[in-house]
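Here's the structure we're looking at; comments come further down.
Order of writing sets the labels: A, B, C, D and E. Residues in every chain begin at 1.
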Amino acid sequence: AKKPPSTTGPVEEVIYKFAVFAPITGNYAEYGKGFEVATQMAVDEINGSGGINGAKIELQVFDTKGDPRESADIARRVAEDKSVLAVIGDFTSSNCMANAPILGEAGIVQLSPTASHTDYAGMNEYMFSIMGRQDGEAPFFSSYLLQKYKGAKDVAVIHINNDWGKSAFDNFSRQAKIDGLNVVAAENFVEGERDFNSLLTKVRAQNPDTVALIMHANDVALVANQIAQMGWDVDITALGPGTSMQIIELAGKNVEGLLLSTPFFITEENEQAWATEFKKRANFQPTVHPACAYDTVYLLKAAIENISGEVTRDGIRENLQNLKGFVGLTGPIEFNPAGDITRSYLVMEIVDGAFVQRTDFDYAKK
Amino acid sequence: MGEVILEAKEICKYFGGLKAVEQVNMQVEKNDIFGIIGPNGAGKTTFFNVCSGMYSPTSGDILYKGESIINKRPEEIAKKGIARTFQNIQLFRNMTVLNNVKIGFHIRTNASIFDAIFRNKKYKLDEELVTQEGLEILKKVGLYEYKDTLAGNLAYGIQRRVEIARALALNPELILLDEPAAGMNPSETQGLMKFIQDLNKEGYTIMVIEHDMKFIMSMSNKVLVLNFGQKISEGTPEYVKQDEKVITAYFGRGFDKEAEAKC
Amino acid sequence: MIENVHRKIKAFYERHSIKVNIILILISILLPYIINSNYIVGILCRVLMYSVLAGSLNIINGYSGQFNIGHAGFFCIGAYTEAVLATRYGWNFWLLLLIAGIFTSLVGFLISLPTLRLRGIYLAIVTLGFSEIIRIIALNWTSVTGGPMGVKGIPSPIFLGIRISGSSRYYYIFLALAILFIFITNRVITSRIGRAWISIREDELAAKSLGVESSFYKSINFMYGAFWAGVMGAAYAPYYKFIASDMFTLDEGFNILSMVIIGGQGTLVGPFVGSLIVNIITEVFRFAAQYRMVVYAILIITMMWLRPQGLVGAYDSILAGNRARRKLKRKPVKVGDK
Amino acid sequence: MDNYYIMQIINGLAQGSIYALMAIGYSVVVGVVGLVTFTHGEVIMLGAYAAYYTFTFIGENIVLGMLASFLAAWLVGVVVYKICYEKFFDSPRHIPLICTIGLSMLLKNLAQIIFGPNMKAMPQPINLKFYNISGVRINTIQILIFATVLVLSLGLYILNNKTRWGIQLRAVSQDRKAAALMGINVNRTTLIGNSIGCSLGGVAGMLLSIYYQSLVPTMGGILGLKAFSSSVLGGLTEAPASALGGVLIGLTENLGISVLSNSYRDVFAFVFLVLVLTIRPQGFSRKVVGRP
Amino acid sequence: MLKVIDLSVQYGYINALNSISFNVNKGEIITLIGGNGAGKTTTLMAISNVVQKYSGNVYFKEMNITDFQSHEIVHLGISHVPEGRKIFPALTVKENLIAGTFGNKRIRKNELNNKLEEVYTLFPRLRERINQGGGTLSGGEQQMLAIARGLMMDPDLIMLDEPSLGLAPIIIEEIFELILRIKKSGKTVLLIEQNAAMALQIADRGYVLERGKVLIEGTGTELIKDERVRKAYLGI
């Protein structure tokens, strides 16, 4: 079943080419950089240890600037370039969704490490995501982290006003209502905001016992800092940043005791090594996003290895969809018929400037 | 006694505490060449600015053909038939001379944006008028050779003539000229005088501010003298020339005349 | 060098304008068949789209001398008008082109009101502010615009029973609009309206004294520019099938602006050339990844240094500043004359 | 509830003074060069990074940091001048404007490449002390910012209106040819004036990064825009009026947020700006130049 | 004192000055006359290096100042009162006058107040307008300000471009008297005037320019008597 592809050249010259769509420049540049570094790491490892059945992988990185139009234009280009077998990316759900019709028509897989919009993967059969959907994590955050673990009563929610933040917030609110959480304030802000003082003053006036932040790591840190600066003593929880070291680096003791949910946490030896290697290459600590990006390369590798015969775009799609028993850096991954996965989540707490997994709670079993 | 075309009643214009024009009354009759003189800062230009709608007066009224024109916008006043030139030349510097004049035809044409898009008859008639008459005016003013030169590149004296040509394109009844001869040498000034007199013969009424006494005295049939915003004298050139107040405030001892006499 | 080529092209065009136009139109119609690559036709679509956007901005900045740096706002309004009305109420695309245009030009009128008294940079900041306001409203007015989720699944237009989707078909919509734009705009700017705009650009006070109602013409000018930006927005939404507020940021406005200036402000073809150059360059430098924007930035600055009047702008244009004159080399100083 | 609005006003003042701080440098640049700039945000960002690297590699000393950001921004000012202005004084204004847009893009992207795209934590060189004055919390850095704004506004006002140097700067920005005929070295004057404005921006960058405890290469964009808006409100060239403009924008934004959503922040700012300009086309400045 | 040799200036493709030469001796009043567009203004601008010279040399006090920058030329003691006044519209009258002293360190440092007094006595109008913005002055007031500003730096050579433009006859008289006084104090004057009769009367020598060339040159009285000059420029 493991035949090299039917190219005429000698075996050594066989190359599998994947396109990486990432916001290399613009406001999301740090995530784009993470994508670029993590995927290249995976490729270097694979190529270093003999490639896929002897064939090497090559990545072609495209800068989408976080702009759906750029992304769509590139998608059009890649769709025509028959040498590209699959697309890894894009970062935001909006971009992925803008690409979906184009890539779907061209019959090429778009495997996004991070898109979590509930509609995305179902848009057509070529769309995949491994982040786990918002309707997975947000309810977990509400039911388990806030209600059961934390025992929160009056919650104030602050979310970032972008496609991800909004859908996470919607999913969260729905569950919070069911769970009977009392959402006393719901505020949002636009990407790039730095001054949260008046927003926080407003939230504080509602006297919540817990603040739930649905936003990226940077923003969590900024908010936590400004909460501390206000002299406000309130419990903070976060959905979205994952176990990003950024939070601790930026906010230090102001985030002591912060609770957050994450699909992934670096614990074991080899994963530590991965994190060290990543830090070396990227110059910053990895989060869940590059970890997922890293996994996508191995997913594609596994799918190709399962192909019997010529490696085609369609072959990759089929084998990705049917892939069983894959365990990546971020845990086991198996696609449901829509093309995304159901993840299980962990509750983490920041204790003495480090993430500690809360095992004193039986959240895994519903 | 001809028909009064422009009449100012008790016009005042103050800038803060500064009384630039104070209680000025005057009448311009049809077909007059009406001169305004006075020391620097006497309020002559300000008075023009009030007449042409650039400023609204602090108090007083201006009647054009019996109709009050104060608080009207400059555009409206231009439409009523008053054209002007500026003391500090204000040409469309990056347009050719011909195009400068074409703008002058604006109020005489009325094609709308849709006429322009469909190039219908109205548009064509307009364009014909503008091009033909535009060239005619240039010939008349003696600027035909400059028609394709950018106005801003012309020498100072010639720019003044372009301004007059542009004002003529409005086909106005009353033309306000603010120091038209400034920057011209005596022989050029003579040419200009002849030109203005010709215009006057064609039926244009002209109000002119000048510091060149030969110009004012030999052309105008009525002269108004302002000093510190106030009218200090008014009448025929001969009368004004002899007015003691005017002599002390304005003419001085006549270095000018001496100089002329010598050559 | 460029000057001679430029002059020759112009002279040639003036002599054979009808023939040249017909040939150009024929070539543009046949182009997708000649090229036969969806990808390249996609780029051409973008070139045409930005040409009209830049062209409509040029009407405002280049002809009436107003300074709009928030053109993305008009674009945004047009796009959302089409997207919302087409997806929610199923209105006809062709009708919506017109409706979006008219609606955008009405907004243009509104924006022109406070700006009538403002000039130069004061006007610029107001347009910039409006552009941001429009974008932020699109981002927050979730019930209508879908908020941060944008509008998805915008239906493709149908023409004579054919569904127009994908670059190679959509190309003709953009082409038709571009031709229409050039044709109509050319007629407008050579009329008394165009002259009035230019006179306001040159000297508003003098224009007023000649009876040009400057407020009226400035408003008309804004409306005309906004109209085309709105039409293009409406044409654009179904092309990408998905729109979101972050497609219409200030950077987008700057992008359009730089096309106008690189091509040549105040000329009719300038924006087309600008759009062509900028889109091709950004495409060619895609491989440069994170350096791409660096390259683009350097390109803009270099253009300003070498040809501030734009590629199409005339050598003796005032936009060329004194640089043209400086180019005439001074003879070496003779010594020993004393 | 009263207390709530007082708190929001304090928030507005605090943020407004940050805008004011940036607007002061901006108004100096515009006042001297006579042209607006879109690079100011990047200058602010680079000033902040200069201080950041000084703090991490040399020592957490505020004076040292200030010096570093001042010098770095000065250098950037020279670059801006050479690239965007020097050649274009005779050209129409949109050309240098586009140059500054291009340069801003260049600096931002280079910064992302060189400094890394992610947010960094700004070291805190001064001990943050909080003072509680009858319920109003104010901290050391805020006091520092307030003081800087006051001193600079006053100082620049005096410099601009009461000294020969000020006359020289204003003469140059109004008419370069005439200024040269007065014997003023116009190029050097604009170069220095521009660099001073940029340096003030650089120091502002340091202070606000300390205030927000973080810095990131993309921070310039919106900051530059706010500096721009503030000084437009102040009539573009007058430092005290620009500072006032900044404070008012800060207030408007924060009061707006206290009633509506935070996402509308920039809408509040711009609506306020448009309203003011509609009523007073010169913003808060007094000057009316020229006449028909 | 000032020597212009073979000076040519081009605007794009237009030849504005075509190899003109002339000189100005210390203590003289020299006048350039000529019709509109003859190139008079261009000559002064080229001397001050406000427009680029195409060829030729300019010497001042035995120094080749051809390639000096405008402000350096001013510091050598040449004051240029430009055509069109070019006052700073947003500076007050007093500030405009102070700006006039930047070309001379001595005045700027020590004699500012004396100098201000001096020009105020010359133009009492300016004293009344001391704090008014330059841009709102009347045309003639602006002209007075421009001349006064040119005098502030106490130059060795003053170049006046149509100083009488837009001034009332009574002031014109004073201006011409002033020019004579300047000469008496040992300074040198290069004067452009449309009022050729008056200019030639006070001038030591004059040059007649036409189409960018020197057509005739001679002493003031010679030129006044010259038939061509009388016809073309004096309007007699």
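Observations, loosely collected:
Simple rule for what comes next: a residue touches a chain if its C-beta (ideal position, glycine included) is under 8 Å from a C-beta of that chain, and two chains touch if they have at least 3 such contacts.
Here's who's who by UniProt: B = Amino acid/amide ABC transporter ATP-binding protein 1 (HAAT family); C = Amino acid/amide ABC transporter membrane protein 2 (HAAT family); D = Amino acid/amide ABC transporter membrane protein 1 (HAAT family); E = Branched-chain amino acid transport system ATP-binding protein.
The shown structure was predicted, so the numbers you read here are calculated from the model rather than taken from an experiment.
Traced through touching neighbours, the fewest hops from chain A to chain D number 1. Steps from chain A to chain E, minimised over paths through touching chains, total 2. On a Cα centroid basis, the chain most remote from chain E in this structure is A.
Among the remaining chains, B is positioned farthest from chain D, on the basis of C-alpha centroids. The geometric centre of chain A is 74 Å away from that of chain B, both derived from CA atoms. Separation between the centroids of chain D and chain E, computed from CA atoms only, is 42 Å.
Centres computed as Cα averages put chain B at a distance of 47 Å from chain D. Put simply, the C-alpha centre of chain A and that of chain C have 37 angstrom between them. Residue positions of chain D touching 2 or more other chains: 109, 112, 261, 263, 266, 291-292. Residue positions 54, 86 of chain B are each in touch with at least two other chains.
For chain E, residues touching at least two other chains, in rising order: 11, 136.
Partner chain D is touched in their complex by these residues of chain A: 25-27, 29-30, 32-33, 161, 187-190, 192-199, 201-202, 205, 218, 221-222, 225, 229-231, 246, 249-252, 282-284. Residues 11, 14, 33, 35-38, 41, 83-84, 125, 132, 136-141, 143-144, 162, 165-173, 176-177, 194-198, 201, 224, 230-236 of chain E touch chain B in their complex. Contact residues on chain D toward chain C in their complex (touch as defined above): 36, 83-84, 87-88, 90-96, 98-99, 101-103, 105-106, 109-110, 112-113, 225, 228-229, 232, 236, 261, 263-264, 266-267, 269-271, 273-274, 277-278, 281-283, 292. Here chain C touches chain D in the complex through residues 61, 67, 114, 117-118, 120-122, 124-126, 128-130, 132-133, 136-137, 139-140, 205, 250, 254, 257-258, 261, 265, 290-291, 293-294, 296-301, 304-305, 308, 318-323, going by the rule given at the top. Touching chain C in their complex are the following residues of chain A: 24-25, 29, 33, 36, 61-63, 65-69, 72-74, 76-77, 79-81, 94, 97-98, 101, 105, 117, 119, 161-163, 165-167, 190.
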